[in-house]
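Per-chain residue numbering starts at 1, and chain names A, B, C, D, E and F are given in the order in which the chains are listed.
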């Protein structure tokens, strides 16, 4: 409960309230982009440094495998529900499903911060798991869109290339590797920017995300009550599955919660860009609204504390 | 005198000189906006935390009342002088008057910094007073523009809403409340960004404001010598009134100076936006030039030290 | 060798790799600009403060003279080689030559950082030398372009004015003077932004420069193998000359290396803007590609360690 | 093959704080859509300006573009009339062809 | 004196992630050049949007402008046809005069 | 009702460092005003560019738009002639209607 009063969450709520009240408060877009690049850099570095310190462990391998499997299976389940209960056509159902198989970097970062502040820091390798889980769901989503038929080899490869080279994937992975190379000592001179400043800049970014998310839901057209419901049920179910899996493979409470957050969160950076390219006929307003304007705020405010409680019960 | 050599002032002067010399030095506009959002957030948080620490005191109440009364009366006096000596029509006189009744957040921040560096930190609640003084003058200005006749109820309400929801008002008030909620302890993890970095980022912002202010005065059309004179007399008179009132209600030197700065300063963020909406026929070039390009530099370089001396004499 | 694994260099390489792989990773342009303004401010302040501490010394005078002479002579040599071996017409040869006579602020900053990290900090006055070396080569370049005939007095003066008022020159010089005025003590409150944050923000900026440089070389049209070769030979030769001169006038290893870096580096901020104005017929794609996309990466990765070794041998 | 339909392109330079009002006018005449672009600066009878993004938007203008058929164009201009002078709008109209895919035409 | 040559100006509003594809189409018909400008937001049949630059470019559009002679215009529009609906492009064509310096003409 | 007056719209793509010169030319022919917009990038005979805002503006272009009557248009183009090739300007002219409020007409 008290995590709801962490500055990060309060700034998010301030942004959302401002947008709902139709305030003209707005961040310059380049600042939003700059903050999101900074956060990915910082979290990538942090992960790399932690893994450099602890080495590649069995836990890492187990968590990575769990993450990969989840990100491939979640879209399949989501697709079925979106088609039947959600009443979407197969293109839109596949596009939305891919978002839920992938992950939200910002949700992970916020959760990571909150867990660390509560004395349950997730293992550093979860940042590698985060990076691994960003893209596979995109491929699964495309298979679903094509009714199980593969794509033409060539355009498949091109899409694969563009997805793996998505700015956020490259930045996260690249910073992770730099973190691995420089280690704790090499990190020291740049720590004031990438570590000391992290929390405060995260507040500013979440203020902005509150504005963006609330503004998006105010102008969403194609949302139905059923779809909004699904955008809340999906994270609960996937988060619970994440908890169960984390507990089963023997992760600690913080790390289990982190896995749950990854499973529960939906991408709104890498996957929308990929879907706009690969399934241009799918409704971008729809998948962005669901992942960014419903699931993201839900996870930030209710989901993260919920998965933490669940993880405490299970581990 | 020595405050003139504080980095904050020197950077402002550098910006102004560069613009007067027609250098092509320019900050990207999103950076200016980002810095101004950051400063409002930081000052709001700071105020909230200080008030959270000291509670709501009688002093706070007195200062708030004084600020509110000043911000309602200043426009009335300014309006009369602008009409007669300044030779403005009633729309323009009212628009300009509203600016002088409201406050300049940046002037306040610079003054606050300089006072703190000189060992006379103003009370934290002055940030609440700052927030309170931002909007009432707008309403007074509109009444003046309409020759004392009220506005149509509906458009009055709409304007009220838009004014209270102006981005800067929302951000300042919102951060103040967040500061109240999180208190000193909750502030710690975000202090490196919002406190440690404050002074340096303020320098960059004032460099930019020097550029913007000087560029504006270089291209101002409708300024007359009489108006420029008024834009220097207003802050002196209002600042003196602020000192007297502050001394009367028993504030300390730093806090009295802060009240004087609020009285003396003229808005160039919230009020121009409101006037553009409410009195679109008023000359935006005129009110922005007076408040931003004359009064603001005057206050930053001469006004703040002057009010400090006055406050020392009176308190 | 180990400097290659400094975070600054690794981020540069990450940016370059991302651009070569045609990732869509891109920094918002206002962020690039903001970072470059910040770096110039910070380095200027630092220089001023160091000189304020040590006073104007003979060493400073010698280094300044050496720098000025080098920046006037280098373009003459470069011009001759670009005409003959490089097969450029005289306008383009002069424009390119001016870039090599001037200096790259970012290369200097990166070198300065690396030298400081290796325990060989260059003298603070080298920042004044940097500022002095920015513009003279522009004038020399214009004389060369006009076949030794002077320009018409009037347009010459105007160009001089615009060059000396170039944003980067003004900012660097202005911050240097502010640093001189405020000294070490006055710097303290703003040090968290301009000193503590420097290294980390430099990483972000070099990530961006890696992207910009690699993208530019991917789309360069007019580059020939001969010109690319020259863009690598110039820094080696000029860097070596810089080392010899530095050793001759009795500078220490770090300072000698810094002089070599200044001699070896080519401008891509102040000079391109001046050339676009003064020699609009010269090919901007050509001079920017050579200085930014060939010489800059060469210096960052190979040049700086090379000149360091040379300086160690000679001093 | 593509088909082309003649349309009017209305471009309006407006102060950022007044954009909301303009949008309401466009919605009032049921315009199909609009697109907004930033500007960097300019000069006119009321002096020179730069989009500084600090001074409350009062020093910032955007270009509002909407592509309409002739009837809606007339409605929009009529609805705009009282605002043109009050808000200091710069309004231009020009001819464009809107391009559609053939199948779309059939659909 | 300057000379003027009649040209077509083709303006295309396109989602940022699809810009690369559009560029390839333009290169395919050997367009002389193009210029890209950002937008801030807009509204259409698929709702309102703001260029937030965060959501992977899926919430961001740019204007792609190319000035072509009549023949190349036809080639470009033909090549664009399958993309117009698929990508939700807004495409307009208008008449402009391209201005050249006289000496250039002679050269 | 509104009134429409035929005007020329001159659009000039110019390198940022040369904008000041262009402004002087426009002032020289007493143009009523102009508006400047940023660009993001483009491609032409001299290669592809992105507005990086770092490389001294040499890698950055803006669009300078001015709406003029026929006579001033001719003066402007004549004054521009020597710059078109030297500065590598892209200049186009098109027809627009400038919209005014009726009362303004009367005033």
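The criterion applied here is as follows: contacts are C-beta pairs under 8 Å (C-beta built on N, C-alpha and C of every residue); 3 or more make two chains touch, one makes a residue touch a chain.
According to UniProt, the chain labels map to these proteins: A, B, C = Sodium-dependent bicarbonate transport family permease; D, E, F = Nitrogen regulatory protein P-II.
All figures in this text were calculated on a predicted structure; none of them were measured in a lab.
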Where chain E and chain F touch, do the two copies share over half of their residue numbers, giving same, or under half, giving different? different
Just grab the chain with the largest centre-to-centre distance to chain E, centres being mean Cα coordinates. B
Which chain has its C-alpha centre farthest away from the C-alpha centre of chain C? D
Using mean CA coordinates as chain centres, what's the chain C-chain D distance in Å? 45
Here the gap between chain A and chain B, centre to centre from mean Cα coordinates and rounded to Å, is 41
Find the geometric centre of each of chain D and chain F from their Cα atoms only, then give the gap between the two centres in Å, rounded to an integer. 19
Between chain B and chain D, what is the gap in Å from one C-alpha centre to the other? 34
Pull out every residue in chain E that's touching 2 or more other chains. 17, 37-38, 53, 57, 94-95
Check each residue of chain A and list the ones that touch at least two other chains. 24, 28-31, 33-34, 166, 192, 197, 273
If you look only at chain F, which of its residues touch chain C in the complex? 15, 17-18, 21, 46-59, 86-88
Which chain C residues qualify as touching chain F in the complex? 29-30, 32-33, 36, 166, 168, 208-209, 212, 215-216, 219-222, 268-277, 280-281, 283-285, 288, 292
Which stretch or stretches of chain A touch chain B in the complex? 5-7, 10-11, 14, 17-18, 21-31, 34, 117, 192, 196-197, 199-201, 203-204, 207
The answer for chain A against chain C in the complex is residues 28-31, 33-34, 37-38, 41, 162, 165-167, 170-171, 174-175, 178, 181-182, 186-187, 189-194, 197, 273
What part of chain F is in contact with chain E in the complex they form? 13, 37-45, 61, 63, 77-78, 80-82, 84-85, 90-95
